[in-house]
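First chain A sits with chain B, and in the next complex the same chain sits with chain C.
Entry: the complex of A and B
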């Protein structure tokens, strides 16, 4: 192992995008991953890049910019990551939800995003199998979808052509600092790599990689489960989710749904997504349960129950598999994308929670800009790690 | 496993994946059954790899020259048999 300009740790959507964009900028890059490419959360998730589930402001701005990055890369790359742009639909169960939704759409429209309210008739036209008693919804035109792990493979294969070196099945055990406290190398179980810059793209494990140099990074695992159907005739044409999903994602949005105890207990919100393999993925929930990714039968039950409420037709369709993953939840909901002041050469690009696939495109682009000393596409001072200065977090903080 | 498989031989019938495609996945870095699955979809169809997993392991062993016990199988995921969303949602499962 020799020396590199930059070592990127973690080969999920974020790390592979960061590695690709840095290599493309002309840096000599090593990508280190303890398992296979995409063996962390980026293969235990859905695959939509949405703006409709982001808060107005920088969250949406990044989401939109990222979709533009994917659009360009889909044309450039010879590796197909199945990018397509079918739009997405939010559905409202009650008038109260509809009002909150309409308010939200107004704000997004004012910022120039192509979102609009749709009535039940138009919804039935878009999604004929949708339950008939819904009061309306939001349609978001730019919303996109892709294969999350193919996205990682695409970034790696394309970057390899430009000189990226991949060290898969190498576990990072420490970060070497010099006497001035700057990064000097990355210690793995199979040797040390010399470098002056390291990027922590550890997703839900970013906190551990921070502890190696005494940093208190407030990123915690937030579990989610997905059910996979058998191959079927088309049930839905795009990502469809209940507006109540916003409630399960952001604790500060206030409205109560009329749902069963089981659905409430596991913070389940309906969403369905067609795949290129002629089946669909049904989700999902958000819970803090540590790093355990065993799939619990009770959660599966609640997800199925909620799914049938919105798409009664799936009642007779088979589920063939289920899986769970842990989202990298960051305190305050925004990811961290910045250098760490206290440790020159230590960068963090992690904590994208339920949007890591969605935001990976723009995140990689911005890390490359930061490292090259260029101005970023837009102001990302809100993503700086320094916002947590002086704060300490317990390991079970999120629970 | 000294047998040499032809590149165009079909491995996974559900998803129609050939030996050649499995070899390409290994070239890209797949080291186990899960890595093959994600790169090719082999084992992701209706039978969930019950038919092809052994063969995929044999090809992995051949290409990587590993001892048999070093190739891990796919992660078993519930359910063992398909179940309708209706039955699951009504709790007709233990």
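Entry: the complex of A and C
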């Protein structure tokens, strides 16, 4: 095995994007992956890039910038990753939710984002199968969708044309440091690759890759489950999801939804999205179950129950499959995108939780900027790993 | 589709058997006979599996019902199960096998009225059988092209003729027997093609259809099916030593149905979904779950019997089912270990008998390999 300018570890959406953007910048890059391309989280997720579910500020900024990256790449790449921009619809169940939503939209509009409130009448026009008792919603025009698998393959195939080398089925066993404590190489089960820079794009497995050099990276696997319907006539035209969940997701807002015991127990939030093949994906939930991705019947039932509440027609449609995956939850709900001060040459781009597809575009671009010593598109000091300095984290996460 | 109401939706049973074919019914009977509470889940409107389309008499020893027709064996099994109080859910499909041995079961024939129940079994027997392999050629999805097993179900169970002029692909016993039965049912089998140089099944079956005038083309394959809305013509041709079509040897045959008898593969999805260790063995039809001498898989309490664990035939399926039934009765404390051992030995002797002779030896070796692989697996885990 040769030596490379950079070794990127992990070939999910984030890792492949980082590898592409670095190669494009002129670096000689090796992409190392334990399994196949997109065999982990990026093939066990949904397919959207959204800004509507981001907090105002850097979260939304990154989401929007990422969509612009995808838009450009969709034109540039010969590999079609099915990018399209149908928009998305957040729906509110109660007046209380509607009020919070209206405030949120005002703030986002002030920041210049194309979001607006819609009334029940307009919602019915957009989504005729939506439950009739909802009080309103948020329409977000830039929100997009794509095939997550194809996105990863697109990044890899396009980067290969520029010289990227892919080492799939290579398991990283250690990171070699020199006497000064800087990165010197990446040890895999099939040989060592010499490099001065390594990027940890391990997603939920990033913690493991951190431990190899004594880093305590607070990224933990968080399980999510999605159901797939049979092929049907069009049930929904875009991503539709419940606003109430976003309220309960952000811990700073004290809010409780009026949901059944089962839905509450499994932390289920309704979301639906159409696929190109005329199925739809129905999600989802978030639970800490370690790396176990077996589907659970009770969770499936809770997701179906919540789906039928918003789209009653779902009770007449068969679900043909269910799958679970682990999302890389990061302490504080913001990803880590930075070099690690203590270990020169060790970079982290991980911890995007449910936004790995969404933010992969901009993450790759930013890592390339950081590594080239350029100024990043916007201030990302909040994403620095140093924010966890002096803290230690237990291995086990529990709700 | 509706869920049984309430959060408390779990039904518990000592033994749940998935699949009411010969292996599943045999397991259910042996366990119930010894006092276990047994539920059988079957996807069809009647249990008995493939036995009910086997209108022909079985070969073999008298101990294994030689001279008895499959349908009669099926009828006896169902009667015995009923007398023993085995509960049977018909029109019920196991749609998933989850942790804690929970099975999600969808029951009903009408989409709007289907219900889903979750059953937890202390012991689970996976006896789903096998599915037919397909052969892909241009036009293979045209209506009128089907598995030979499907054609057999149509004539023997549903009493519907799949076509008048039928091309059979494959000369294993299924291809040969179904050809003969199609003729009995009033169809004309216009040809039988076989890619191998020799006929795969028993000569006695092949002679029957050859005597009836069916042209048998060995070293031949189907190149293409033609027709609009339904298959009207089949193009067949010779293949060379490397199984490649020989240009210029094409023949066009007028047909209205093509039946494909290209072997079977284990329906092992539930076992795989549950994490049971599997191995690929071409003799057994592909990926099949490993098991021990009790038919228990690598997942404790989950048993695999019949074609699921390697495609064979009805008699071996029955015996494997019995083996699991006896082992389960012992595991549940219904009988002593000694009693079980005596019974299991008898069953193993009969299984060895069934897996002997020119047609059984390869299967015997394959099943031995399977057991050896399982032992290696357990040793590695210790």
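FYI, the second predicted complex is superposed on the first by the 394 of 399 C-alpha atoms of A that agree within 3 Å, B and C clash if a C-alpha of one lies under 4 Å from a C-alpha of the other, contacts with A are read in each partner's own complex, and residues count from 1 in each chain.
Keep this in mind: a residue touches a chain if its C-beta (ideal position, glycine included) is under 8 Å from a C-beta of that chain, and two chains touch if they have at least 3 such contacts.
Quick caveat: nothing in here was measured; it's all calculated off a predicted structure.
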| item | value |
| --- | --- |
| Touched partner set for A:350, first chain B, second chain C, both or neither | neither |
| Touching partner for A:6 - first (chain B), second (chain C), both, neither | neither |
| Touching partner for A:301 - first (chain B), second (chain C), both, neither | both |
| Partner chain(s) touched by A:315 [first = chain B, second = chain C, both, neither] | both |
| Partner chain(s) touched by A:22 [first = chain B, second = chain C, both, neither] | neither |
| Chain A residues touched by each partner, larger count belonging to chain B or chain C | B |
| Partner chain(s) touched by A:261 [first = chain B, second = chain C, both, neither] | second |
| Those residues of chain A which chain B touches in one complex and chain C touches in the other | 295, 297, 301, 315-316, 318, 322 |
| Touching residues on chain B, where the partner in the complex is chain A | 28-32, 34-35, 38-39, 41, 44-46, 48, 77-79, 82-86, 88-91, 93-94 |
| Residues of chain A touching chain C in the complex | 261-262, 294-297, 301, 315-316, 318, 322 |
| Of all residues in chain A, those that touch chain B in their complex | 36-39, 43, 149, 153, 156-157, 166, 168-169, 227, 229-231, 277, 282, 295, 297, 300-301, 304-305, 307-308, 314-323 |
| Touch list for chain C against partner chain A, complex | 1-3, 7, 96, 98-99, 102, 104, 111-112, 118, 275 |
